[in-house]
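These are the structures in question, set out in turn.
Consider the two complexes below, in which chain A is the common component and chain B and chain C are the respective partners.
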Partner chain A sequence: MKRIVGALGGLIVFALLWEGYKAVGNPEGTAVLGVKVLPRADDLSMPHLWTVAQRLGKPELTGGRPVWQVVFDACLFTLGVTAVGFVVGTAIGFVLATLMSRFRVVERGLLPYVVLSQTVPLVALAPLVAGWSGALSFGPYPWQDWMTVAVIAAYLAFFPVAVGLLRGLQSPTAAGVELMRSYAAGWWRTYGKLRLPAALPFLFPALRLAGAAAVVGAVVGEISTGTRGGIGRLVIEYSREATSDPAKVYTAMLGAAVLGLVVAGVVSLLELPLMRHRRRVEVNVV
Partner chain B sequence: MTAVSIAGVSKVFNAGRPDEVTALSDVDLTVDSGQFVSLIGPSGCGKSTLLRLVADLIDPTSGTVTVAGKPAAQARRDQEYGIAFQQAGLFEWRTVRRNVELPLELRKLPRAARKEKAEEMLALVGLADFAGHYPAQLSGGMQQRVAIARALAVHPPLLLMDEPFGALDEMTRERLQGELLQICAKTGTSTVFVTHSISEAVFLSDKVVVMSARPGRITATIDIDLPGRDEAARQSPAYFEHVTAVRKALRA
Partner chain C sequence: MRIRSLTIGVAVASLALAGCGTADTPTTTTTGAGGVTTVKLQLQWFFQAQFAGYIAAVDKGFYKEQGLDVQLIEGGVDIVPQTVLATGKADYAVAWVPKALASREQGAGITDVGQIFARSGTYQVAFASSGIKSPADFKGKKVGNWGFGNEFELFAGMTKAGLDPGKDVTLVQQQFDMQALLKKEIDVAQAMSYNEYAQLLEATNPATGALYKPEDFSIIDWKTVGSSMLQDAVWANTSKLNDKAYQDQTVKFLTATIKGWAYCRDKPEECRDMVVAKGSKLGKSHQLWQMNEVNKLVWPAEKGVGLVDEAAWNQTVTISMTTKNQVGDTVLKKKPEGLAYTNDYMQKAIDAAKAAGVDVNGTSFAPKTVTLTAGGA
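Right, the complex of A and B next:
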């Protein structure tokens, strides 16, 4: 409940800031010593929020479907790709973290590369994935464009899970590990009864990061591979019309933002049933 | 039958490094079946280390540890003992009841039997009303009692306890001492019990082992012979004589 109020409050603050800046900001932007420090506040760069809202209801092209429907469909498409990327990435992160916590050697050998993997620029990665995946197929099903995008989303999403879960799996105290040892519990049982539950408080923030990363990966992946049908592509298409129809590109961006919020919301719903004890314990943080 | 037999055991931590510590040096100790043995000595003299050696949580540098007639490692695998250590070591994501159920779960007891057993043990340590709470909602002493309940739940033939009553008030402590003695007598459990309290050691034990620090070793073994283990025993002349004897041994 508090969270919903908080989220609504955040939206209102954002709207106030946006419209407030429009009201007081220099329409030509503010420059200090020739360097632009504040953006233009004219209707072309920053349309009124209600103009954006109105634009959602009007048809995309004369006689076409209303913009909100187009944006909604595009968001659904991207949401699907994001979900696939998120699930695959999380699974890979899980396996990697588990292997790294099980074998010291694997951790020492693999962790640097896991970190390194995230420094590869996405733009360089996308054509690469598109290139070698073109030859792949699953039996009778050929490789599809959206799969390339999902691979990129997964590539970004696995990282926080692998690193966060690894820390969590290594978090139990010596006392806990010794207790399991005294019960003659093997590695798997120690994993299931001690390490995994102890890792949950580390896993959930990591999953939220992974959700956000998957959205970014899907949107950027769509753009850089030129995949049609998603919100990333829509942002690019609409931005071509930015001069004639500035509100339109903001509708697509709004869609992308809502998509991000939906993913974040779904991920945080996951943790409700699993972190019951957190809510029962009263802590006073000053 | 001997429950625990320790022969010529030494333990050196971080051997060959500048922070090398000789925690135990040439320790011999025998605990007979059904016997209650207390370890007492100054802080850092290696009491916990000795207990962890018996539990096969660490390996001795030299010497042998035998539990229930087997090497310590085998005894651990056969779950010949239960432990309650200095830190309660509860799992914060489990309720109190589910913490007590943990060893029963690992022994594949059916759910209903687990629940019943855990509730019985919690009643014993006076925490029946807190079964549904989480460890973070309990005081330090209550957490320790949960750990004791967890150790007792499986009725191990050997109990290893490291200052289990350390954080308890005098009244609770005395009540639990009584309960512990009853359980041990009823089930024939052998116990190795670490404590800092001379009176506790004397009241509970058949044998008090006095240790000294740097390097940790056994300096005296005092057999305790009390007429009984009730309130009257705490006032008996024999009790005070033994307390004095242990105190002397600790000073020496």
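Right, the complex of A and C next:
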């Protein structure tokens, strides 16, 4: 309940800030020493929120479906791609973190590359993935365009999981590990009973980051490769009409923002059953 | 008068024949079901009327008549068509000549086999009230340009007018919309005749409450300035062109492509509808405008559609080698080597299309007057 009130409050504050700035801000924008520090407040740059809301209800093109439907469908498409990317990325992150915590040599050899992987600019990566993946197929099922986008989402999502979980798996105190050893528990048992539960508080923030990263990866991947159907592509298509229909651009951005919130919400829901488990573990081990 | 009625006669005949071709499509499909070759064409951007000829050739079955199953692949922000072609992910690609030549210089083995756009559609647009009428008037002004290799016609035009693009003007990186011009952040903006310029005419003029009118703007057209460069062309894989099967396929592909563009010249509204049906998010009036403007870039084609005009080619290459942008780069370091372009396949395609009754010159082509609506809807 508190959370819902908080979220609503946040929305209201945002709306007040937006409209408030529109009311008092300089329509030409504010520049300090020739550098623009505050954006223009005119209707072309910052349409009224109700204009954007109205635009959602109007048809996309004459005789077409209303914008909200188009945006909603696009968000659903991207949500699906994000989910695939998130699951694949999390799985890869899990495997990498486990391997790195098991073998020091793997950690030393791999971790720098894991970090390095995130410095590759997405715009350079996307066409590359689109290029080599075009020739792939799963038996009779050819590679689909959305899979390229999911790969990009997974590429961004695996990183926080790998790093966060590794940190978590290494978090048990020496006393805890020695206790397990005194029980003659093997590596797997220590992993399941001690390391993994201890890693949960590290895992969940990492998962939230991964969720956000997967959304960014999916949206940017769509923009980059021009993949049809999702909200990223819609942002690009609508932004071409920024000159004549500025509110339309914001409808797509609104969709992308809502998508991000939904993913963050779903990921934090994952936490609920597992974090209850965590308390018990804390009592037992620490 | 007699000549004109003759050309009209030819046009009507070609229309009738085109109609026949369409009607015949189903039979061709069934007979060719076993021997259909799949061909991938990489476009530069999302489906829009800029590619109407290819879309029409697919939808009207012109490619199928030639035994080709053509898949059109949309572009994206980071998709470089000539790279996709050179790496073998597509069989042909549509790309601007200077950009493709730059990729060639870096090792992409590609050849221009069909110069579909004979003319350049790049403008520089200013408010008429600003008094800017020619590149010489850019002096001391804020000049918007898109960069990324889209800027060289502008730089060549300014250099020709005696300006130093690095010193005499303030260059501003421009977005692919016209907001900066409308808000007077820049004095003159880069625009394609078939896209961004139309966006201006779809926007509301706050002073009148009605849409902007063409007389509100002054256009600097690089074609008249003499610094235009060749744009959309069909590129093929150079090494594959040694292969007889690919050669034949190229001729067939180009023959059907000619038919598609001729069809869109004669029936712009129908082609507009085909583009819209492909899921373009741009409105109907915008697409018809684009179709009409693109037709102007293709037609009339005095020597035959798609043939590379040597003078225009040389102008493109010269500008590519000599014009420097603000950081001192040129598009090309040296003259294109090897087979940069060839008219061999296009000529064969033109002959084949002509034999099939297609008007490959479009001398009677007259552009329409398109009225844009708010937002292009």
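By our rule, the second predicted complex is superposed on the first by the 276 of 286 C-alpha atoms of A that agree within 3 Å, B and C clash if a C-alpha of one lies under 4 Å from a C-alpha of the other, contacts with A are read in each partner's own complex, and residues count from 1 in each chain.
In this text, a contact is a pair of C-beta atoms (placed from the backbone, for glycine too) under 8 Å apart; a residue touches a chain by one contact, two chains touch by 3 or more.
None of the values given here were measured: they were computed from a predicted structure.
Enquirer: Check the residue A:244 against both partner chains and state whether it touches chain B (first), chain C (second), both, or neither.
Expert: second
Enquirer: Kindly classify A:194 by the partners it touches after superposition: chain B alone (first), chain C alone (second), both, or neither?
Expert: A:194 contacts chain B only, not chain C.
Enquirer: What is the contact status of A:35 with respect to chain B (first) and chain C (second): first, second, both, or neither?
Expert: Once the two structures are laid over each other on A, A:35 reaches no partner at all.
Enquirer: When the two structures are overlaid on chain A, which partner does A:60 contact: first (chain B), second (chain C), both, or neither?
Expert: The answer is second: A:60 touches chain C but not chain B.
Enquirer: Give the label of whichever partner, chain B or chain C, reaches more residues of chain A.
Expert: So, of the two partners, C touches more residues of chain A.
Enquirer: Could you say whether A:126 touches chain B, chain C, both of them, or neither, answering first, second, both or neither?
Expert: A:126 contacts chain C only, not chain B.
Enquirer: Applying the touch criterion given at the start, work out whether A:23 contacts chain B, chain C, both or neither, answering first, second, both or neither.
Expert: Neither partner.
Enquirer: Could you look at A:116 and tell me whether it touches chain B, chain C, both or neither (first, second, both, neither)?
Expert: neither
Enquirer: If you lay the two complexes on top of each other, which residues of chain A touch chain B in one and chain C in the other?
Expert: The overlap between the chain B and chain C interfaces on chain A is empty, containing no residue.
Enquirer: Once bound in the complex, which stretches of chain B touch chain A?
Expert: My answer: residues 52, 55-57, 76-79, 81-83, 85, 87, 89, 91-95, 102-103, 105-106, 133-134, 136-137.
Enquirer: What does chain A use to touch chain C in their complex?
Expert: Its residues touching chain C are 28, 40, 42, 44-45, 60-62, 123-124, 126-127, 130-131, 134-135, 223-228, 234, 236-245, 248.
Enquirer: Touching residues of chain A toward chain B in the complex: what are they?
Expert: Listed in rising order, the residues of chain A that touch chain B are 173, 175-176, 178-179, 181-185, 189, 193-194, 197-198, 200, 277, 280-282.
Enquirer: Report the residues of chain C in contact with chain A in the complex, numbered from low to high.
Expert: It is residues 45-46, 74-80, 83-84, 87, 89, 175-179, 182-183, 195-196, 199-200, 202-204, 279, 281-284, 373-377 of chain C that touch chain A.
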